[in-house]
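Quick heads-up: structures coming right below.
Next come two complexes built around subunit A: one with subunit B, the other with subunit C.
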Partner chain A sequence: MSARQRSRATPAYLAYAALGARREFAGKATLAARMLFVAVILLVFSRVWAAVLERGLLAGRTRADLVWYIVITELVMLSFPYLHLEVEADLRSGDLVARLPQPVPYAAARLAESAGGMAVRLALLTPMALTCGAVFGAGVPGDLRGVVVALVLVFPAACLAVLSSAAIGLSAIWLHDASPVYWIWQKLAFALGGLLLPLEVYPHWLAAAARWTPFAAMLNGPGRMVFGLDGGDAARVAGQLLFWNLAGAVFVAWLWGRALRAIETSGG
Partner chain B sequence: MRREPAIGGLRYASALVTTNLKASLALRGAFWLQASFMLLNNVTFFVTWLIFFHRFNEVRGWRLDDMLVLFAVVAGGYGLFNVLAGGALQLARAIGDGDLDPILVQPRPPLLQIVASRSTASGWGDLATGVIFLSLATRSHLAAAPLGLAAIVASAVVFTASAVLLQSLAFWLGRIEVVARQMLEFQITFGLYPSSLFGGALRVVLYTAIPAGFVGYLPAEFVRTASLPALAALFAGTAFFVALALVVFHRGLRVYESGSRFGGVW
Partner chain C sequence: MAAIEVKNLSREFRASVRHGGMGQAARRLFRPEYRVVRAVEDVSFVIEPGERVAFIGPNGAGKSTTIKVLCGVLHPSAGEVRVAGFVPWRERRALGYTIGTVFGQRSRLWYHLPANDTFDLLARVYSLDNAGYRRRRGELVEAFAIGDLVAKPVRQLSLGERMRCELVASLLHRPGILFLDEPTIGLDVVAKATLRELVHSRSERDGTTVLLTSHDTGDMERVCDRALVIHRGRLMLDQPVGSLRSGFIRRKVVTVVTAEERVDVDLPGVRVVGRAPQRTVLEVETDRTRIETVVQAILDATAVHDITVEDPPLEEIVQAIYERAERDASPGGSP
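Presenting the complex of A and B:
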């Protein structure tokens, strides 16, 4: 795509993002359910960590630290729309093939829509998650600068989740059902990203292995910022997220090229 | 005389379930993909608990084996529910769309037709998780294995009753599919954590409004202790939720408004 074509496409992508944002606002029940889910998970884990801390099993950490860690990791996991379900539905209904002649590539248009939806989710879920963090964490972490940095890093982390969801959705072209792939991706994110337990709790070998995966940069990276601001670590996490987002974008573009060939071969 | 309708109903239910299972298995590739990935999904999720108990050993009296039993009962119960009674999850949408018409004109009990109308392949993955985790948890005391299977069945019955109860609220409240699904998700979420973490008012909620206690804690307690009081409480709780679901569904049918549809989702 030339520079001129790109500049022409920008308003179209913005329009797709606005469409995604509007759709997100329209799905109030889903948003409310997600907000409630944040509250439930924080309630459960505030109890888990209270039980662990009352036995003095995790020195140097407070309940607020650990609950706020989950506030950040859950924000990432709940803020991206389930793009894989939309791609799968488009494939089944034939909409995907119908949209191929449009000037904006299907995958890019869907990504722009998801980015718009993600922005709305983040805007609405963040105040709720922070409030729950303060209530269930019995306060706020000692260093609020870390929380601010964590919130900034949530955005590129959620972008990485959107790219992952797009790649998973495109897998439906070959597998016909993307949900099983999503389940595995989600649980790998739980286990290797440290969704509920910070990686410092993990056995050393597993934590070291997890840090080489995109999941750790996506969840543990922003999450551990609430333990206290460390400029060097924050820059490292930002760099890792940039790298994984670029790698994810390249992978989705490559997958889309393969998908196009598969669709042309099979006739849609 | 009185037994005939019950036997006929059972025969009809088993025929429906068999048909659904055949339909699931007809798409063999999709069936195995969903079932095996759900099993893998559950095992990966449990890794978090392995890590947790490896580091902290116990939390308020709960150890890894206790978590294995709890996870086995909840996953197995939810799996069995999805395999045999997955149609319950479509009830609110059907009520909202006025799609119950084709069911209501048939001679068989409508609720039976609805709940047994769907079987999901991923449910087999959950059920397999339940059986595998249960065999791991009871490896040193095999006598507990039959209790575990009974606990899974009880959990599945309460899952079905809860789904019918929540989805039937659509008779009065309209489009509540998302909320009903989310409430069931909460039941699973709470059910997968040690009961000793929750006390006071929250504990009451977990045995009433969100009956996580009856799909997880109590059946797991029955397997762990093999005690008669746990069995009695489990039986009473299960019977109560089944009765409540039946009453709410049939009351709801009285206010059901037809969608005047000739075809249907069933």
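Presenting the complex of A and C:
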């Protein structure tokens, strides 16, 4: 892309992001349901962790630690728009072909749109999740700075989720149905990312293996910040997220190039 | 410079062969078989700026394939194409600023948002300055009578209303060339007529080149001046819409209302195709008997209250073109 094309495209990407934000506001019922879901999931797990801790399991962790951990990991999982569904629908309906002749690349436009939607979700879900965390977690965590850092890290973590969703959606060009890929990704995120249970309580070998995956950087990384701020660890997580986001962006760009060639060969 | 130049365009697809039972299917997993399908074969044409051209043909004729190549969405297997001076598949992004596209069964509008939001987005996508965009949007919104629609979510619009909004979206950046792929598909009679009139009038006003694909000969008749007929991937005909009738079918339909119960005309190439009391419909092969001769014979035979001479509907003409193409393509067909 030339410098002139880039300067033309920047306002366009901002407009796509703004459109994505407007789309989120247009789906008020969905937003409300999502906020309710945050409350329900935090209520349920606050009770589960209370019961687990009463039996003396997960020694070294308090109920507040675990509830605040889930506040952060659920924020990541609930704040990214399901881009794979959009891409798959565009492929099936042929709308993708209708959008290709536009001067802005389809994949980048969709990513910008998702980023706008994600920003709205984060802005609305964060106060809700924090309130629920304080109520169901029976107070605020000892080190509030950790929560602040975790909230900062939620943004790049959600960006990584958006990139993953884009890659999953593009796989529909070859697989025709991206849902199975999404299910696998989601289950891996749950298990290797430590969505509900911190990797710190996993068997050592499994936690060590999981930490090599993007899932751990996406969920456990920001989540474990609530256990107490460790500057070195926060920097490490930020670095991991930066690395995985860059790798994700390169992978999506590569995949889009392949997908585009497939469309240009088959006609969509 | 021509708006669109197509020279010896061909496009082949590789389609997997599916036949046989389970055993064959299992074998194909390891040794897939393919056959080559020629969607477009050696098609050439030139469209000058401001022309309105219909690209018609039956299902699978190669219309959409050609349009996709012209928009840069599909690479050709062979041939040369220039649209507004650009090679579409190499310069799709630059080409995007100069063309507008409407794909009848596909949408560029955001389903849950008002069309206005998409228009605002497209203003940024096409780098329109604010004042110019507002002026252009106002002008198009008024011309397309969508003032009370643009603030409603697209999901609440009827298909006809949505298509008008789609057209406005495609015209916002003043494209020099407009590609319309089945723009009236699924529309009712009134919505079709409105859309055709709007496309025709905007094209005349802005000098926009239009290339329209359709199954509906009404689109061709009301919007276009020239028709390209494609069949089985090959261009069969390229001529003005007006001369399709006179040039292709030597047949006219004469309807006579008479004082007497019936009228009979005994001339070569004239046959009765409909009869009611005081009303007779005749079909005349004009290369066997001139139409003036038939009319004179009717006037000599009876007192005439009314008489109309019509061309057969355009659908029949196009059907005749397809049938001739089939005959020519079949072994032993006419040369």
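As a working rule, the second predicted complex is superposed on the first by the 268 of 268 C-alpha atoms of A that agree within 3 Å, B and C clash if a C-alpha of one lies under 4 Å from a C-alpha of the other, contacts with A are read in each partner's own complex, and residues count from 1 in each chain.
FYI, a contact is a pair of C-beta atoms (placed from the backbone, for glycine too) under 8 Å apart; a residue touches a chain by one contact, two chains touch by 3 or more.
The model shown is predicted, which means the values in this text are computed figures rather than measured ones.
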First (subunit B), second (subunit C), both or neither touched by A:247: neither
Subunit B versus subunit C as contact partner of A:33, first or second or both or neither: first
First (subunit B), second (subunit C), both or neither touched by A:48: first
Partner chain in contact with A:206 - subunit B first, subunit C second, else both or neither: first
Partner chain in contact with A:190 - subunit B first, subunit C second, else both or neither: first
Contacts of A:177 with subunit B and subunit C, given as first, second, both or neither: first
Subunit A contact footprint on subunit C (complex, rising order): 13, 64-65, 68, 71-75, 89, 92-97, 99, 101, 103, 105-108, 110, 112-113, 117-118, 120-121, 123-127, 153
Interface residues, subunit B side, partner subunit A - complex: 29-30, 33-34, 36-38, 40-41, 44-45, 47-48, 51-52, 54-56, 59-60, 122, 175, 178-179, 181-182, 185-186, 189-190, 193, 196-198, 202
Residues on subunit A engaged by subunit B in the complex (per definition of touch): 29-30, 32-33, 36-37, 40-41, 43-44, 47-48, 51-52, 55, 57, 175-177, 179-181, 183-184, 186-188, 190-191, 195-197, 201-203, 206
Interfacial residue positions of subunit A with respect to subunit C in the complex: 5, 8, 11-12, 14-16, 18-19, 22-23, 26-27, 93-95, 97-105, 263-268
